[in-house]
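Presented sequentially are two complexes of subunit A, the first with subunit B as partner and the second with subunit C.
This part shows the complex of A and B:
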């Protein structure tokens, strides 16, 4: 029974993850008649646009990590070091950006920080100069930094909170304090958290397709892969070469962080121990801390406010603030695009359901059975984390070309099913982690007790395991759902018609034209509301850590 | 209900290269209260889980009521187990927990209710049915776990260190409770513990395990008075153990011990034994009173340390290069002997156990 389920899961992962990605890699190295060649890579590096895109992608990802660290490290330190109300603000800061998909905020950022955006208009008016925040790659770096710094903030905060206060006290005792204490003790101990966050930021930025496209930046790897496949054609090897390069960098970054983290679980906090001592702020520190938090808050909120303003404004260009407000854009969206909202609910709901079902099954197989090769399931499912959405989508186009969906006349990749499956595969790692965590907290003896009292394996799973895992499963569902709802990389590649397109694709389409910005923003606000509600729900669910003992 | 016998015959169990149980054979008589005693890692819990069906042995036979249960899944064994951490389901009320096994047996609803209530009453928790396990104290949780298991009227009751999560006072109280329940129900019961005092006070017979091997099976008194080997002697109670060679010379016998030196031993200890042995005696068997019986081992020593434990004084006495532990009963007004005082130790030969072999 368990073996049959495992085989079915394995078949799903092989068909919709392993083989499509393998076909991408194969195509990048194959000659016309199936031989092995490096020539595609050579021609890739002979094209100056490709070389430029390659360095640009690295530059953008690298600088985004640097700027994100600059924002996040002080915030994390404030949270664990000082006893002040700002800590709550910082927590909010850590979630706000994630609620807004970066490509949605990008247009608003252009209006606020662009060459003729509000900020530069004011600067010009008052001081006679402007800052190229949003010019070309700068814009991508700016938007990505503001969107992804929470990954570093959250990971680093947790790592710092897990440092035993005795670590610091003994350093004090031996004569270290201030900056030396921070750089020699606190930061090194929190390093694993930083590395985990930073590598995630690098990968996310490197793989992002939506943000550069919305900002009109095409000389980067992800946009080039997309353009090559959609304009030159599915047979163009350069698109596959780019895909392989992207996979290599993603896998490389995650592998490196895993290597650095290996054997360095520094969470030294013992049960009943106390974490780092919290201090009150001195007056000077308070000014500094609140100043920094205020600045970051302003920046972080600007895309949210910008989008809201855009969705409500009649005309907004070459002016500091919109000229006149209206609700017409929402009307347009609800009459024209309510279908897209429904599509998103359907696709993401189905994808999240598949994720939770697979996640629960895989978690059970890994943690509760001795099935040979069970780790392989875990690795494969988690590997989806390292596969950029655009690469997975290209893999689908390549591997399933000419294959029709059963009981219909349309090609598999032309239907919404392909998109839904792509969502499911890409978000499976999130749901899997959530289910694993939930099952890990269940002591095996709870199931053994059921079996001992006469319940079969199936009955004990139904009556004991699933009810006790329900919180984790639901949290996994919500996480999968909301992250899929704002997925754009695979969506752009796999969406073929407006009638089957989801919300995220709708926003992208609207944003292409100046006239569409209003409705696009309105749709964006709706997406933010959906994601915001979902995030709140998952936060409530996962914080209900042990609901039964109260 | 019929009382059943549990029988293990030459059981072998290993995880990969590590042998967890080696040639384990034992018989638990119908209605017996039987302890599996050993340090952690001795295989006692593994043996218990084997009987419950959570582990599978590679060879040997396991019989419950004369039937080989090898390969029978846990849910078909009707062997009730109380887990060390109780394993109460937090999402169910006490009543739902206790009813679970009965429901799985597809009993009619009113019978489930009747028997669950009876089980709760048996452990003194009637009226607690609507609560959640998280709202109960440790001792109450323990009783619920017991009630949940007893409700299905198991053929055999398995208790996995059931008292280890309770505080000292509650532990003694629960011990009595277990004995009372066992007397009343008469279920064949296996009890895993690493606490020799617990095993000796509760159980009819004890099997001592070490490193997956049964060292000795016997009543508490047998284990205490006639330990089969060095391990059992050391594990069950405190013991003085000395290695040496037993030699007979003319009228008497001598023990040549590297630690104690060359000491004369009573003739009757060495009637049919000679060669390398270990002699073992309990601290309370040592007397400081001069002029002990002729049939005594007698050595001179110096007090190294002493502690007052209320009912008795426990001394460490240096003899040669060895330290002998000696307990002296305390009478009102008696004073602790000081460090460096010379004493003569005598141990009657009937209190000395000679262990041959390893």
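This part shows the complex of A and C:
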């Protein structure tokens, strides 16, 4: 029974993750008659636009990591070092950007920070100069930095909290303090957390398709992959070469972070001892800390406020604030595009359902059975993290070309089913982690007790395991759901008809015309509300599950 | 939860199976497609309209990749050359327009495909769009002609896209080249580009940037300007005297799933009812059916009334023959070297101001270097060169020649612009 289920899960992963990605890699290296060749890579580097895109992508991803670190490192340090109320604010800061997909905020950022955006208009009026925040690649870096810095913040904070206070005391005794203490002791000890966060930021930025497209930047790798495959055609090898390069960089960055975490032993011997000494802020420090937090908060909230203002404004052009407010854009959205909201609920609901079902099954197989090769399931499912959405979608177009969906006469990739499956595969790692954690907390003796009392294996799973895991499963469901709801990379490649398009694609479509900016923003606000509620729900659910399992 | 999902799926499936579905591949924005979908479905309640929104090249690739018999019904986009390519690949079917009164030509440009494979559905002219607040804040006068954009006051306030990125932009510049002649035309284009704040990646980046005040003036297709103005944005739009009016087209795709429904849709868009939808303030396109203008609001531009004078007799054969040369030359000397060109233009403008009209050999030389294309008119007609740019991907020799020529243009432009800056700065 267990073996059959494992095989079914393995078949799903092979069909919808392994083979499509493999077909992308194969096409990048294959000659017309199936031989092996590097010539596609050579032609890639011969095209100047491709070389430019390649360096631009590295530049944008690298600088985004640098700026994100600049924002996140001080914030993380404040949280662990000082006893002050700002810590709660910083926690909020860590979540706020994540509830808004970066491509939605990008348009609003243009109006706030662009050449004639609010900030530059004021700067020009008061000081007679302006700053090119949003020109070309700068805009992408700016938007991505504000969106992804929480990854560094959250990971680094946890890592710093785990540092043994004794280390600091020893350093003190040996005469180190201040900057020297931070750079030589605290930061190196927190390095694993930082690297984990930074590599995630790098990968996310490198893979992002929606933000550059919405900002009108196409000379980067992800937009080029999308444009080559959709306009030159599914046979164009350059699109596959770009895909392979993107996978290599994603896998490389994640592998490096795993490597750094593994290579050196950062664990401290005693647990439950003291952590870093917390101090009170001096007056000067308080001003600095609150000033920095306030500035970051303002920046982080700007896309949210901007998109809200856009969705409510009649006209916003060459002025600091919009003028004339209206609810008409919301009306347009609800009359024209309520279908899209429904589509998102349907696709993401189904995808999250599949994720939780698979996640629970895999977690059970890993933790409760001795099935040979069971780790393979875990690894394969988690590998989806390193596959960019564009690449997976291109893999679907390639691998399932000509294959029709059973019981219909349309191609599999032309239906919403392909989109839903892509969501499920891409979000499976999230649900899997949740389910694993929930099952790990559940002591096996509960099941043994049930079986001693005569329950069958199936009954004990149904009556004991699943109900006790419910909290974690729900949290996994919600996480998968909300992250899928704002996914654009795979969506943009796989969406074709307007009536089956989800919310995220609808926002993108609206943003392509002047009269559509208002409704597009209104749809964006709706997406933010859905994701915000989901995040809150998952937070509540994962907290509630604790008392049951103890 | 599951029950609801099942109900939802069950609700979607039959609606797809029963009705005739008209699938429309289009590059047009949602306001336009939504209006036509709504009106058409109201008139033909048994039909469903399905919109596939794709950029023109992506749309063409999509049509090509579908098997005959399951292709979409309608291809609807601006660029006439895209339709010519599809027609030559036998992917379009002739269709009876079902309406009389659409003239043969607008100006000297034929509205419909002479062979009947595609039909003009709306007209588009190219012009200047500007943000009135921006111009006021920077104390700039409103432009009237392309030639106005070369003035030093506009330096850093103009925006355009590249011909290689959008068919509409290509037509704008080809119109200037045909109106002014090759050398004078490029001279003007290079000066305008030297005044640009940005060469945007997408054609929509221009009207969008003007609309929200990132740029002062943009070179755009009329409906972008008119729609923004009619939606209440502080923008104006004007047709310069050297402009071309060309049709945006619609065609029935050969091998479509339901050609009968497709034909109904084409006829609907050309009917009086369908044409009138173009007048919606958010759409603001020019109908091809002259009778429609009687119902247009006052001041609506009418290409048949003689108000917009298309002085250029647009020659589409000439345009097609050098399509790739013009696009590539623009990219090599302008798009990829925009920073250098803008710097050279700025230096020349400053030198002119400094000299106050005094003649200077250095300055003349700087102008020649910065604003003359590296390819003369005679060279641009060279058969071998044109052939190299038209060659298919597999033709290695042609591709090599093309790459070499492009590299030459690019490096020559870079050297010229740098020298122009030196000369202009030294000019006495």
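Convention: the second predicted complex is superposed on the first by the 536 of 550 C-alpha atoms of A that agree within 3 Å, B and C clash if a C-alpha of one lies under 4 Å from a C-alpha of the other, contacts with A are read in each partner's own complex, and residues count from 1 in each chain.
Keep this in mind: a contact is a pair of C-beta atoms (placed from the backbone, for glycine too) under 8 Å apart; a residue touches a chain by one contact, two chains touch by 3 or more.
Small disclaimer: the values here were computed from a predicted structure and weren't measured.
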Check your understanding: Here subunit A is shared; do subunit B and subunit C fit on it together or clash?
Key -> fit
Review point. In the superposed arrangement, does A:459 touch subunit B (first), subunit C (second), both or neither?
Key: first
Practice item. Have a look at where A:92 lands relative to subunit B and subunit C in the superposition and call it first, second, both or neither. Key: neither
Exercise for review: Using the touch definition from the top, say if A:369 reaches subunit B (first), subunit C (second), both or neither.
Suggested key: neither
Practice item. Could you look at A:441 and tell me whether it touches subunit B, subunit C, both or neither (first, second, both, neither)? Key: neither
**Study point:** More subunit A residues in contact [subunit B versus subunit C]
**Key:** C
Check your understanding: Does the superposition put A:468 against subunit B (first), subunit C (second), both, or neither?
Key -> first
Practice item. Check the superposed model and tell me the shortest C-alpha distance between subunit B and subunit C, rounded to whole Å. Key: 24
Exercise for review: Overlap the subunit B and subunit C contact sets on subunit A and report the shared residues.
Suggested key: none
**Study point:** Sites on subunit A touched by subunit C in the complex
**Key:** 46, 48, 110-111, 114-117, 135-136, 216-219, 227, 230-234, 314-319, 324, 336, 342, 346, 349-350, 353, 409-410, 496-499, 509-510, 512-516
Revision key, fill the gap. Per the touch rule above, subunit A residues touching subunit B in the complex are 443, 445-446, 448-456, 459, 463-464, 467-468, 546, 548-550
Study note, to complete from the structure: subunit C contacts subunit A in the complex at 1, 5, 8-9, 23, 29-31, 33-34, 50-55, 57-58, 60-62, 64-65, 70, 131, 133-134, 137, 165, 197-198, 200-202, 204-205, 207-209, 211-215, 224, 227-228, 231-235, 282, 336, 403
Practice item. Using the touch rule from the top, collect the residues of subunit B that touch subunit A in their complex. Key: 52-54, 73-76, 78-81, 83-85, 87-91, 100-101, 104-105, 132-134, 148-149, 152
